[in-house]
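What follows is a set of structures to go through.
The following pair of complexes shares a single chain, chain A, combined with chain B in the former and chain C in the latter.
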Partner chain A sequence: MLNDLQKDLLTELVNVYVGQAANMLSEIVDKRIVLSIPEVELISISDVDPGDRRYNIFFSEGHLFRSSLQFGYEFQGKAFLMFPVEQAKVLANICLGELGESVITEDPNLMDTDLDVLKEVSNVLLNAIIGEFGNFLEIKLEYVLPDIELIYVTNSDQQILLQNEVYVLVLHTSFLLADTDVTGIIVIALSMNSISSLLAKMDALLEGDNG
Partner chain B sequence: MDNLISQALNKAHMGIMIVDRHLKVVVWNAWLERFTGKNAEEVIGLNLLEVCPRFKSNMYLNILQNALYHGQSRFCSSALHKAFILPNDGEDGQLFRQNMHVEPLYHEDRSYALIQITDMTNTNTRVYKLKNLIKELETEYAKIKISEKISKHLSLHDPLTGLPNRLAYNDRLAWAISNAQRNNSKLAIMFVDADGFKQVNDTYGHHVGDQVLLEMAKRLSESIPSADTVARLGGDEFIILSHLKDDHDAEIIAKRLEAAFSTHFKIAGNYINLSMSIGISLFPKHGQEPSELLRHADGAMYKIKKNGKNGYGIYEPENA
Partner chain C sequence: MKVLIVEDSIFVQKLLTKLIVDHIPECEIQIANNGEQGYNLFKEFQPDFITTDLLMPGLNGQEMLRMIRETDSKVKIIILSADIQKTTRDEVELLGISGFLNKPLTAEKATTMIQLIQAAYHVE
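So, the complex of A and B:
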């Protein structure tokens, strides 16, 4: 759906946005956090190849931490940040300064405080991306705090995770902090109109560059 | 209606304040009055930074600016920030834990920031207690797992030699027989008994006797293929379970065992000569049941003992 130039531009934009979020998180937790989005794709979930390892999170059974933020009206959609629960626990532990053996725990006990930490992290991250998309499109966005939930995904309901959303912008996220590599995924489900306006804006920018 | 809303704000179990674009306090509810000791009348109209000095930090100023100018909502976790509003009476701020929600509000073309403070102190204390409890339980669980492993080992092994005991041997024999039945393979059951061991104990004492048994266990283990099993039944009685390609292989192993005991034992400066009597039964030739095979091997061993000891004998059905 995205051509190479659009993909490059979007990856660059998103990396600038998450860079700002990483700085904010670093300040909050007083640790150096490097956040990167190596790849951005605009796809239809039904086109995703289940054999593609980058999409493991959609197709593997297990507990998932999911935070979601709905935004509207002109640029409309819903953004999700998803981690397998073990990765979410590692991220919470690092933010809370609880490194060591608990980082590699096989049995993640996510407590209230951990969930609050993850809520704040996703708030900062999703705010940065969605807010900056709003600025990029010169549209005022309205959105509230993200909802967070722990869900269990079974083989049959992986697709339900994102049902009704035709096209999604998938950002493969990687948090590098304190010798750990926490990888999750950000999925932004956009309405067709919003996709069109995003593409139109990007094309205008690219044409400007070429001209 | 205004009165109703202000009653509701004052009844809320959280701190609720509203600031305008200049960070001037517009609303200050009863929860905040109780917590800080500052009344709404003295706070409203003041700059938030004077009333709550923690908001002077860049991080919190940015959060407020983003809400007032960019419509962003923010959540701050007590686990990362501790407290935002401190009590007036000099109590240690470190003791308090608060979550904060910041949301934009709009009224008559003006924007405001709604700041909600929730006291999480008790929740956090409970969480930390629960975390400690989980850690303790995990430690206990690990200890129980280790002792389970130890007691399982003890119940299936001979404490002196560390070899499998009768219980473990019976289990392995039953498993080996059913496996051999499926694969059409052969087994040998060998009863091994030291000749004149009682005399060793009587002459040198039990301590030396135990050392001899340990040495016996070592020589037996080293004389059989690694897939085979040697177990100690008790006293000076050992039993070997051997997997065979052919029935004749049993004799090869028996000869190797004899050879292993042809040299003397040197224990605590004593040279001790000890020979073995070995009785052998074969699966499937001499029976299908573990008890039957053990009985035949035992019988073959007694026959060797009766006929002068120091040797091996294979069970002979016609003479049984």
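So, the complex of A and C:
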């Protein structure tokens, strides 16, 4: 669906945007962030094989903390940030530690204060990435308030990201907080119209480079 | 000196309160969780300085800012938002703000915010 040049440019854009988001997270937790190379795929939901690890946005079975940010209208989609629950707890503790608040490491459950922190961290990270898409396309994106939820994922779960769209662009990357085992995953799903806008802008950029 | 913090995240509310109290202990601080509360507190509390988020439940920060500017062109307002879009910044700058800081609140940005509050304090 994406030609090599488009895929290369899109991967590079996502790399830069996620890098900026990781830098923000690094500033919040005062730790180095190790990024993976983003994977970019344009896929049809009907073609998704749940057993294919490339599309396995839920990187492990079990309880996950998931934050999502929906955006529209001209450029429409949904961005997800996910952590295994126990790692989300570690991240929340690190952030609350910055406030000098007592950290209850024995309690693995996410408390309201943890969820508030994680929602804010997710908000900063996802805005950093999605906002740059808006800047790139020179349009203003409208956001819906981020949702947070705790979900239980099994190996057989389907990955339905946008209910009414045939194709989704999956921008998939992960990051690791140095000196911890906290690994998060970011997935961005775009509607078909948004993918077309993005590709048109990228093609114009690529043509400009070639000219 | 009266400062109004408009922010839906309790975490950020605490960060900002600690920052301001640590540097300007004589400050009187009030907190609102969204734009509607923020606007009501603006009328009751009559702050000298407002720091506000943009994306909040109910009335958002930009709408609150617009309502405040309909009656008050002087109160100093600084935006602290995760929204990094240039178009957003351009829109709110037209409403008259003293600064726009992107989250997260780093040490450098915290210093900028304190300097802006202190500058507003000394103007009085």
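Throughout what follows, the second predicted complex is superposed on the first by the 152 of 211 C-alpha atoms of A that agree within 3 Å, B and C clash if a C-alpha of one lies under 4 Å from a C-alpha of the other, contacts with A are read in each partner's own complex, and residues count from 1 in each chain.
Keep this in mind: a contact is a pair of C-beta atoms (placed from the backbone, for glycine too) under 8 Å apart; a residue touches a chain by one contact, two chains touch by 3 or more.
As the structure is a computational prediction, the values presented were derived from the model and not from experiment.
Colleague: When the two structures are superposed on chain A, do chain B and chain C clash or fit side by side?
Modeller: Result for chain B and chain C: clash.
Colleague: Figure out whether A:Asn109 sits in contact with chain B (first) or chain C (second), or with both, or with neither.
Modeller: first
Colleague: Quick check on the superposed pair: does A:Tyr143 touch chain B, chain C, both, or neither? Answer first, second, both or neither.
Modeller: Touch partners of A:Tyr143: chain B and chain C.
Colleague: Just checking: does A:Glu132 make contact with chain B only, chain C only, both, or neither of them? Give me first, second, both or neither.
Modeller: second
Colleague: Output check: A:Asp8 vs chain B and chain C. Expected answer is one of first, second, both, neither. What do you get?
Modeller: neither
Colleague: Could you say whether A:Glu61 touches chain B, chain C, both of them, or neither, answering first, second, both or neither?
Modeller: Touch partners of A:Glu61: none, neither chain B nor chain C.
Colleague: Given the touch rule stated above, what does A:Asp181 touch, chain B (first), chain C (second), both, or neither?
Modeller: In the superposition, A:Asp181 contacts neither chain B nor chain C.
Colleague: Would you tell me the residues on chain A in contact with chain B in one complex that are also in contact with chain C in the other?
Modeller: 24, 27-28, 95-96, 113, 116-117, 119-120, 123-124, 127, 131, 140-141, 143, 145
Colleague: Using the touch rule from the top, collect the residues of chain B that touch chain A in their complex.
Modeller: Contact set of chain B toward chain A: 58-59, 62, 66, 70-81, 99, 101, 103, 120, 123-124, 127, 130-131, 134.
Colleague: Per the contact definition, I'd like the list of chain A residues that touch chain C in the complex.
Modeller: Residues 24, 27-28, 95-96, 98-99, 113, 116-117, 119-120, 123-124, 127-128, 131-132, 134-135, 138-141, 143, 145.
Colleague: Quick check: in the complex, which residue numbers of chain A touch chain B?
Modeller: Touching chain B: residues 24, 27-29, 95-96, 109, 111-114, 116-117, 119-120, 123-124, 127, 131, 140-146 of chain A.
Colleague: Quick check on the complex: what are the chain C residues that touch chain A?
Modeller: Against chain A, chain C makes touches at 9-12, 14-15, 18, 55-57, 82-88, 91, 103-104, 106.
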